[in-house]
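Written below as structure tokens is the structure these notes are about.
In order of appearance the chains are A, B, C and D, and numbering begins at 1 in each one.
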Amino acid sequence: MDFSSDNRMGVNPEILEALHAANKGPAGAYGHDDMTRSLDQVVGDFFGTKVSAFPIISGTAANCLPIAASTPPYGGIACSEGAHILRAECGAPEFFTNGSKMLPVAAQSGKMTADALAALLAAYPASNTDTTVPAVLSLTQVTERGTVYTLDEIAALTRLAHERGMTVHMDGARFANALVTLGCTPADMSWRAGVDVLSLGTSKNGTICGEVVVFFNPDRAENFRRYVKRAGHMMAKQRFVSAQVVAHLANDLWRHNARNANAVARRLHDGLARQEQVTILHKVEANIMFVALPAACVQALRAQGFAFHTVGQDAVGQPVVRFVTSFLTTEGDVDHLLAAISKACA
Amino acid sequence: MDFSSDNRMGVNPEILEALHAANKGPAGAYGHDDMTRSLDQVVGDFFGTKVSAFPIISGTAANCLPIAASTPPYGGIACSEGAHILRAECGAPEFFTNGSKMLPVAAQSGKMTADALAALLAAYPASNTDTTVPAVLSLTQVTERGTVYTLDEIAALTRLAHERGMTVHMDGARFANALVTLGCTPADMSWRAGVDVLSLGTSKNGTICGEVVVFFNPDRAENFRRYVKRAGHMMAKQRFVSAQVVAHLANDLWRHNARNANAVARRLHDGLARQEQVTILHKVEANIMFVALPAACVQALRAQGFAFHTVGQDAVGQPVVRFVTSFLTTEGDVDHLLAAISKACA
Amino acid sequence: MDFSSDNRMGVNPEILEALHAANKGPAGAYGHDDMTRSLDQVVGDFFGTKVSAFPIISGTAANCLPIAASTPPYGGIACSEGAHILRAECGAPEFFTNGSKMLPVAAQSGKMTADALAALLAAYPASNTDTTVPAVLSLTQVTERGTVYTLDEIAALTRLAHERGMTVHMDGARFANALVTLGCTPADMSWRAGVDVLSLGTSKNGTICGEVVVFFNPDRAENFRRYVKRAGHMMAKQRFVSAQVVAHLANDLWRHNARNANAVARRLHDGLARQEQVTILHKVEANIMFVALPAACVQALRAQGFAFHTVGQDAVGQPVVRFVTSFLTTEGDVDHLLAAISKACA
Amino acid sequence: MDFSSDNRMGVNPEILEALHAANKGPAGAYGHDDMTRSLDQVVGDFFGTKVSAFPIISGTAANCLPIAASTPPYGGIACSEGAHILRAECGAPEFFTNGSKMLPVAAQSGKMTADALAALLAAYPASNTDTTVPAVLSLTQVTERGTVYTLDEIAALTRLAHERGMTVHMDGARFANALVTLGCTPADMSWRAGVDVLSLGTSKNGTICGEVVVFFNPDRAENFRRYVKRAGHMMAKQRFVSAQVVAHLANDLWRHNARNANAVARRLHDGLARQEQVTILHKVEANIMFVALPAACVQALRAQGFAFHTVGQDAVGQPVVRFVTSFLTTEGDVDHLLAAISKACA
């Protein structure tokens, strides 16, 4: 039973059906096919505004390509000190930008505060002609700690960024999960809150590989294809990626998937909250949670074949583990895990 | 009827079946799944030697990642003056290497000669401590002009490169087509001829996206995953790419596909050779050909819906077009095109 | 009266005389002159070991060039969270390395602790094949806060770095000042303590522009000229830089200069320590000090023409200023400043 | 006697005097000194227009920094196939631009023709959204073959470049020599002919290191200091570079020097033209010439201590040597060389 990551799951049958349907005769390569051409409309409808949308096969690239297209070489990329792009990508942002500067911002439970961002920006004053220019603000929604920024929190951060002329990027690897949590529209949680470009993830939520880079101001996408091309992300048979995106957004498949992941996460959270020896470390607001458990309990769970990541230790030396639920996780899976924890911690 | 590129075709049904079969339960992400782990063995069997094999979703990346891993920042990449990586990738090699130098080598009908390579290398003598160090030789097999290097030609070039300590890379976007032409083994046309790392293409030959980077000396692959990761090419659900590769190599599907493409190309060539107003520009040795036609004929063909690229003009101002056949092109398609040309040129 | 930086001072007359002496007839360009060729010997004698030495015209480049030559693209550069290369160079390390990752290490009064370095390294375990590889440890001696690492402290850090196969770089912009403080030999504070490559500064200590990159293992310098060349730091008439270095090291000019700077800094420190309204923020161990003063006092000093940097505020909101002394600062200058402070704070 | 390069010569006494004069008390670092601040005016007066001028210590950097500031990552840099920046800089343009693409243009005797440039640009049509965007045209004046573009030739090239929105850069390592040849004003040969940014060389013409990057549209220089800073070319004591530039431009020192170099080159040319066994390969229009000589003659000259570069062979296998004269070369030196050739070839 696997609680290690939503990206280890398989895919919805609808996705494979969409690939079959896309395999009809020749079609323009490198995005010049009807399916890919429809993305601006399909994704635009989803967001209730005009967009430029590009299908990309990995979250790393879907984040770093628009960041690269939004920063000069001497620019800086502000993000949470625990941001995935900062910590877990082997230097991908530095690579894609050819050496722009990462600017970590202090965060609490995964969320940058407006004060911390303001302090960072003050350290790189616009008046200094010799220093890094903060160029991009990158927010992760759902955050890396499993929390969800409120619309007001997003707006407070994007306002600061825009005052400095920065581009606001959102890493939306789990955008659908956050949407379900907030119960708002895709528009509310993106362009209306000040997001300029979004990496809309779908692969953690049921596709093989169908991330979408969404520019809410299509003018900014003018040379984006060139960044995609030279990074080797312009797949020849792009229709097969675009088809996944279209199928994922059709019939609310995305919402159905995310709702399940969040609901079973809530069930897991509630069960864990009743366990005395278990400490939940951050608010659980989507489908990820960080939990401190006795070492013996962790061992017992592993011995029974439960899969999950250990991510460190808490202040008193207990292992901290991460549980992630997905569109395929069942209530039964959760109850099974809870029972095992209950027994192991007893 | 589409003769513009083999990468505009769909995929073999076996490939989609392989995706279905791969969609069974959770699996390790980022290549830590059984299917991807099997690649070293599967690809090694294909080449009759021990290899390190990595699945990659585009030819651009499958070429540039191993090139980047084989050159220092001050290195140079020797390739034909008409090489795809030099001309058609929006600077991808420069991007992936962070600015290593492209070193174009004079070529005839797409093939570098050993003399031209020797002259290039002489211009960057090892004794000069301030200059670019030729670090990689990149050969394209089938070449960009549709010709095929003989095994002796490959060996002559790789010998020169190895004398200078260079890594030999082969862009094998149409490796299968060349294999069918030469009738040799995969081993003969790669490591036995001096190739150190190969980008083995499959997407032009029937898959969605399943290029394979093959290191014939697995020691050289030590840090390759880091290059893949930071370039955003470490797909989470890699099993779905690896499954395509495995299906493509199983039951000689690759050979079946390439044989068809080459055979119908030969039929097209023979038919064109009988047309008086048609000039075939290079030897046709695989599934690509370059042909000069009267402008009116080109117009007529387009009017009838034939798709193909116009790539320039010949010495007397006639348009030069490129015809590419694929695993899906039929004898009927070819005969249809020949009849249309015959009529239009009459 | 200028206490803002030692790099605002002029140069020793001996340096200008050396330029005159170097202006004799033609000489090999790009370092192929006798003066530059003598550097390995001259600098090697200074350090009591065999070295490869390269003259460079700026500290930025003298730091970043050897760092770039010591890290792969996927490498990381560990340095103090307040390191000059991290904070004050507009992304120079990222530029020179083409996007290697900066890895800030927690520091106290400018000094990394071995514990903090160990924690950082543990976050990038050698067993993880997908993550940044810590490749360089960069220490600044004198630190950016004006403190000086002891030989034991240096050794503890370099030991940790070497256990991970990292290259140890020392930013020695004020190496001479630290040497005078510790009273040890240049060898003790560099290669004997585990430093692999040093950026030996001279321009803050009396030359125009004569930093020296010193490789203590000359084998590591093999391709260094290529890094220098492609970064535009291979000056044609290098003899005029090398001549400055030679003159600076001759007759203990470097020591004479540094002794003065440190001695007057000590005098300034002692005077400040007697002022009630003045708080000295870190140990003053060389020629830099950070001091919290009443805002009115800062204003008064500026009004009287004293030059110095304000670098922030202390916990209670008082301005923090930085005073730097140099080889040209006199006891009279210091007494003048002290008197002004005494009066302004009274 | 040295005819190998003008950059092997020493410097004018006026330059060393200027350094003495600049060594007066403290001055703002990193260009915030009065001497550097005066450069916009001094250089602007020289060119008869408003400019932004930056002192740089090497030609490599003075060329590559403005090129980097003028091209996006996906941009291309068109230059002569024999351009110094393309052939002789160990990949400096690729490094400074982080991997922009070099686009060699066919040239005759060092000069690109408008036709060749037009053909190159046509290969990268603006309509193709996936390909390299030609962003910079770089001209060398005096060319690498010793020829000098006429004002009309420059204008024809810059017109083509501007039609595509490109920035025109001139590598003016020997700008003064070309000015003397054409007898026009600095304005005529730069901004009036369509040059947007010039690397004005002085170090080959009598200074230690005082190249100047000149933006003829100061708006384009907005972020240029950031490029300079992160490349390590923002010297702390910049006043000592700026002082050289000011002294070089004062009292027509530049012209006096260049006139001498050209005049003795003309004398050398005329003498060589009278030698039967000597073939002069290109028009000699400034202070560089390429000459084919019998191998025995070359040997004899070297044996007598004449210094010069051998740069290849002519069509019949004779060695081709390059002779360069300088501001210090005398008529006697030239006559001495001519006599030796006359004797050796007899």
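Points worth noting:
Note that in this section a contact is a pair of C-beta atoms (placed from the backbone, for glycine too) under 8 Å apart; a residue touches a chain by one contact, two chains touch by 3 or more.
A quick note: this is a predicted structure, and the numbers were derived from the prediction, not measured.
Looking at subunit B and subunit C, the chains in contact with each of them are A, D. Farthest from subunit C, judged by the mean position of CA atoms in each chain, is B.
Annotation, subunit C versus subunit D: rotation angle of 180 degrees from the Cα superposition, expressed as a multiple of 5.
Between subunit A and subunit B, the centres computed from C-alpha atoms are 34 Å apart. In terms of their C-alpha centroids, the spacing between subunit B and subunit D amounts to 41 Å.
Rounded to a whole number, the gap between the C-alpha centres of subunit A and subunit D is 50 angstrom. Contact with two or more other chains is made by residues 73-74, 90-91, 94-95, 98-99, 130-132, 226, 229-230, 234 of subunit C.
Against subunit D, the residues of subunit B that register as touching in their complex are 73-74, 76, 88, 90-91, 94-95, 97-102, 104, 130-132.
Residues 2, 5, 7-11, 16, 19-20, 22-29, 56-62, 64-65, 89-92, 94-96, 98, 203-204, 208-209, 226, 229-237, 240, 307, 328 of subunit B touch subunit A in their complex. Per the touch definition, subunit D reaches subunit A in the complex via residues 30, 68, 72-74, 98-99, 129-133, 223, 225-227, 229-230, 234.
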